[in-house]
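When the chains are written out, they are named A, B and C in that same order, and each has its own residue count from 1.
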Amino acid sequence: MNIQRLLPGLTGIAFLVVIPVLPVPPFWITVLNNIGLASLVTIGLVLLTGVGGLTSFGQAAFCGFGAYTTAVLATNYGISPWLTLPLSVIVGGVVAMPLGLITVRLSGHFLPLGTIAWGLSLYYLFGKIDMLGRYDGITGIPPIELAGYRFLSDGAIYYLIWFFVIAVAIGARNLLDSRTGRGIRALRGGGQAAEAFGVNIVRAKLIVFVFAAVVAALSGWLYAHMQRNVNPTPFGLSMGIEYLLMAVVGGSGHVWGAIFGSGLVIILKELLQRFLPSLIGTTTNFEMIVFGILLVVILQLARDGLWPFILKILPKRPPKPIPTSNQKLPKRTLALAGSPLIKVEKARKAFGGLVAVNDVSFEVPAGRIVGLIGPNGAGKSTTFNLITGIASLTSGSVFYQGQRLSGDSPRHIARHGIARTFQHAKILPDMSVLENVALGAHLRGSAGVFKSFLHVERDEEATLLAEAAHQLERVGLGEYANRPAGDLALGQIRILEIARALAADPTVLLLDEPAAGLRHGEKQELANLLKKLREEGVAVLLVEHDMGFVMGLVDHLVVLDFGTLIAEGKPAEVRKHPAVIAAYLGGAA
Amino acid sequence: MDAMIATFLIQDGVTSGAIYALLGLALVLVFSVTRVIFIPQGEFVAYGALTLALLDSAKVPATISLLVFFGAIAFVLDLWSMRRGTDGRTFLRSVGLNLVLPGAIYGLTTVLAPLDLPSFVKALLTIMIIAPMGLYIYRIAYRPLADASVLVLLICSVGVHLAMMGLGLVFFGAEGLRAQPLSNANYTMGMLMVPAQSLWIYGATIGIMIALYVFFERTLLGKALRATAVNRLGARLVGVRTQLTGVTAFMLAATIGAVSGVLIGPITTIYYDTGFLIGLKGFVAAIIGGLASFPITAIAAIAVGLIEAFASFFASSYKEVIVFGLIIPVLVWLSLNNAFHEEE
Amino acid sequence: MTGNLLELSDLHVSYGRAEVLHGISLSMKPGSIVTVIGANGAGKSTLLNSIMGIVPSKGTILYNGASVPRSVEERVASGLCLVPEKRELFATMSVEDNIELGGFLRSTSERAETREDVYTRFPRLAERRKQLAGTLSGGERQMLALARALMSRPRLLLLDEPSLGLAPKIVIDILNIVSELRKTGVSILLVEQNARAALEIADEGYLVELGEVKLSGPASELATNPALMESYLGTHA
């Protein structure tokens, strides 16, 4: 481990450890405890909202489940808090499961509205149930005990709270920095690319949803035993909004930003509650005005939050070394050159009355490059989507080695070794080039959430990253491995997509306009790479507009116009075909 | 439950449903034109009701200071965006809209408030104070975010809601107020006793719906708003400015909010934070209408009012849980029908 | 003063980090039809969008001898009008309303006058004025897009692929309408993939390849230039 990389973190922990020993006012410790409790919820929210793109205003309700579970069990049934800890967390997770299954299916802006709805409903529910003490809540919750020591004072529970905060933060980082995490991070871009490489989108969303709920429940458990009483107020919608504010202020994509954002908002709240009344002359809590304005201003001026500014001030951390691995990932055996891999049979796609693909049939054999060309709107990209399962066939079928693909989801089709690139490149600009490529190797690993959270899947992870690095070298982007993918030029991004497809160990490669935006020399290199893949036995289906590139490369051309196949054959024959010339240049009017 | 109670509940439900319908329509209007999910809609209701209540007791409502305050901020923002040079017309328009207009309303209100005005005039004055706030809120909070995603705009709305609710607390205090009805008369229709205020509510709701219909179907500006909702780029290409439609939508929303406040103020006690809950019920209706359909929203709003009325009779303590829980299945249904529009 | 209606010099357009137009220069005289042709992805639509102000560009755009106004709306007011590739009609509104909105920036009397002219020019649309725009056929939609554009009383029409997705017979109809329009004094910058048909009605032509002007000249000369064929269908392998 590189000590320089760990330095900022270790400094932070040392700082937290010594604070209670220093002669600081006890009030500070109370504030730090509140920051810790909020940080737990906000870390979950950062994963859910900032990374996964699922905005939730309802997180406070999950704190409520954690807090009420332990409050009822420890107070009414005398169960030890250490036993209620797993129970609180499990209740949070169990409630999140069905709620998440519904919520993550909500599309676009319906999702946050849904969280507002259940956030409100659950708050009212807490206040109506007799067992939970209605709006009065539950008092006299026993403190946590460890070997006879009772965590009564703020200073005592302080270490417990911050132990959990640091542990959860590190776990969250580990999770993001893994195979599962890449799937989660891919959600934000719409998830279409991730799905094309076998990521189960609904499952990835559910994972972050349950994770966020579980850490919120943990925060609730700690809160109940720190406060020693609970009532519905801190679990209502306004607290849920405050948690979201913390995530937005911190910078909703950064785990450490969550702690920073929580700290900033809570300290601000304390200051406002102390000084604002004397400023305006009344004693009501006015912090919501400031919070509201703060939220609007942050969105207008620094949509990525304030943490990125802190990162700029902090000394730059050296990049992580690219892992090497002596284990090799297993490779598929490729079919004999010339044997048919993909067979499209009378494929038809109609959107309402418009027939985008009209009974098109062709084959893509192993070890061959097939070009799919035609003027704008001819149905090329739709044909791609029909093969990869993004669009469903109206009639006809698509086969892979005689096996019917039609009706399968993109991620099932990906399992056959069918990998693709997209016409409008779908990369994750904030993720490194290397990680983008590693997403392609998703199906070649198996580690799940728990292994990732605990950081014990490192061998497998190293092999996946080493494979990704190998593919990057192969396409000539090796030197950019650690750069954010958004830094690349358009042409390089297309090449990055090819590397990602190669990381899936494909038998069939579908490339949608790979040469667009490439310079002449780069096109040459791409052509050489594709020729090499052909020699290895990979089948390539290519949509491309640069005819110079296509004509010199492909073995076979399929020409579409208005969704109909108008010509097929060797390049030299096809370009003389009168129907093709008319389709491209227009009939002599 | 006998027929008497049932008719009473129905009447009660339709009355609140009519208010929810107005709010729901405003929400659909704002969303379809600007893509803003306008959470603070309910604040206009609270502001309206509280302003009217203060005017009733011949006090100068604090909302006029708020209006001047909003105008001043909008003016400062205009100045900032004009820092690299501007023409005289733009500058004068900004002065007029952001300084003169709120100043005039401020002056007018301070003169009129102590007089014993007829309730109808007080209602109009209230609407006049609240309506321009829509303009300033748009200018201050949303216009700088015109290119942002629906999600960012939604989070922004939550911020605006917090700030406006807090300002409501500052200016009106934590005490609830109740305005006087526009008329104290009661009418009996068979066994039913209908207070005149309810008739005002039905009349205003229907009136506003007709006015909106005429505006959208018959006027060029109304058509431009619809065009923006249907196709943003198309609207820009015929010369419809995004700001023009945005300002219009927010002004209309604020006006509708103020009218709702004037109507609801006399039938229930309004606190600074009541508006939010009322607005959310309009939201339930707007969401059922897919944030797109005016007629479905109006019908759904009546249904929400009825469900609420009956829920408060049969399971009064679970009233809110039932009303807000209702959205979830609707959202699921909408999402299933929308499954292919995941990317924005 | 050159007397040109439109003069672009060294126009660059980038999407994010990727530059798609690398310094385009082009000029057109008042009353002329100029066509910009080239294969898919050459940057033709981007060129029109940047003239309209929908995408930001670097370089100078002189319109009518002066710098073009900043916002899209001001450009519409000054007589520029784009008929975009996807038409961008108001699908759930009637034909009549679509046409009406085309004249949003004009006075009521100007609108009334142009409306009459537009309905005479497109009798098909007059028959269908109550129909929703979304229910029209492809050719009718293109006519409606043209009609809506004419309502703004343009001096320079920017047409993006008016023939796209239309059957060959309708393509001829549409292009005939376009060349008719010139007689009313409107200048037209026409982007087309259907190169042969476009060159037939145009005075001047520009062949754009990968964001650069490859060839330019009188339309009749360009039509017979072998470079045109190569640009579309590649050189001999």
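As a working rule, a residue touches a chain if its C-beta (ideal position, glycine included) is under 8 Å from a C-beta of that chain, and two chains touch if they have at least 3 such contacts.
Note that the coordinates shown come from a computational prediction; the quantities given were computed from them, not determined experimentally.
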{"item": "Chain pair, A-B or A-C, that carries the greater number of C-beta contacts", "value": "A-B"}
{"item": "Centroid-based (C-alpha) most distant chain relative to chain B", "value": "C"}
{"item": "Most centrally placed chain, judged by C-alpha centres", "value": "A"}
{"item": "Centre-to-centre distance between chain C and chain B (centres being mean Cα positions), rounded to whole Å", "value": "42"}
{"item": "Chain centre separation (chain A, chain B; CA means) in Å", "value": "37"}
{"item": "Distance from the mean Cα position of chain C to that of chain A, given in whole angstrom", "value": "41"}
{"item": "Residue ranges of chain A touching chain C (in the complex, touch as defined)", "value": "375-377, 486-491, 513, 516-517, 545-552, 562, 571-572, 575, 580-581, 584-589"}
{"item": "Complex contacts: residues of chain B adjacent to chain C", "value": "220, 223-224, 226-227, 230-231, 233-241"}
{"item": "Chain B - residues contacting chain A, complex", "value": "37, 140-141, 144-145, 148, 150-152, 154-156, 158-167, 169-170, 173-174, 280, 283-284, 287, 317-318, 320-321, 324-325, 327-328, 331-332, 334-336, 338-339, 341-344"}
{"item": "Chain B contact footprint on chain C (complex, rising order)", "value": "52, 54, 71-73, 76-77, 81-82, 84, 88-93, 97, 100-105, 148, 151-152"}
{"item": "Contact footprint of chain B on chain A as seen in their complex", "value": "53, 55, 57, 102, 105-110, 112-114, 116-118, 120-121, 124-125, 128, 190-192, 238, 241, 244-245, 248, 280, 284, 286-296, 299-300, 303"}
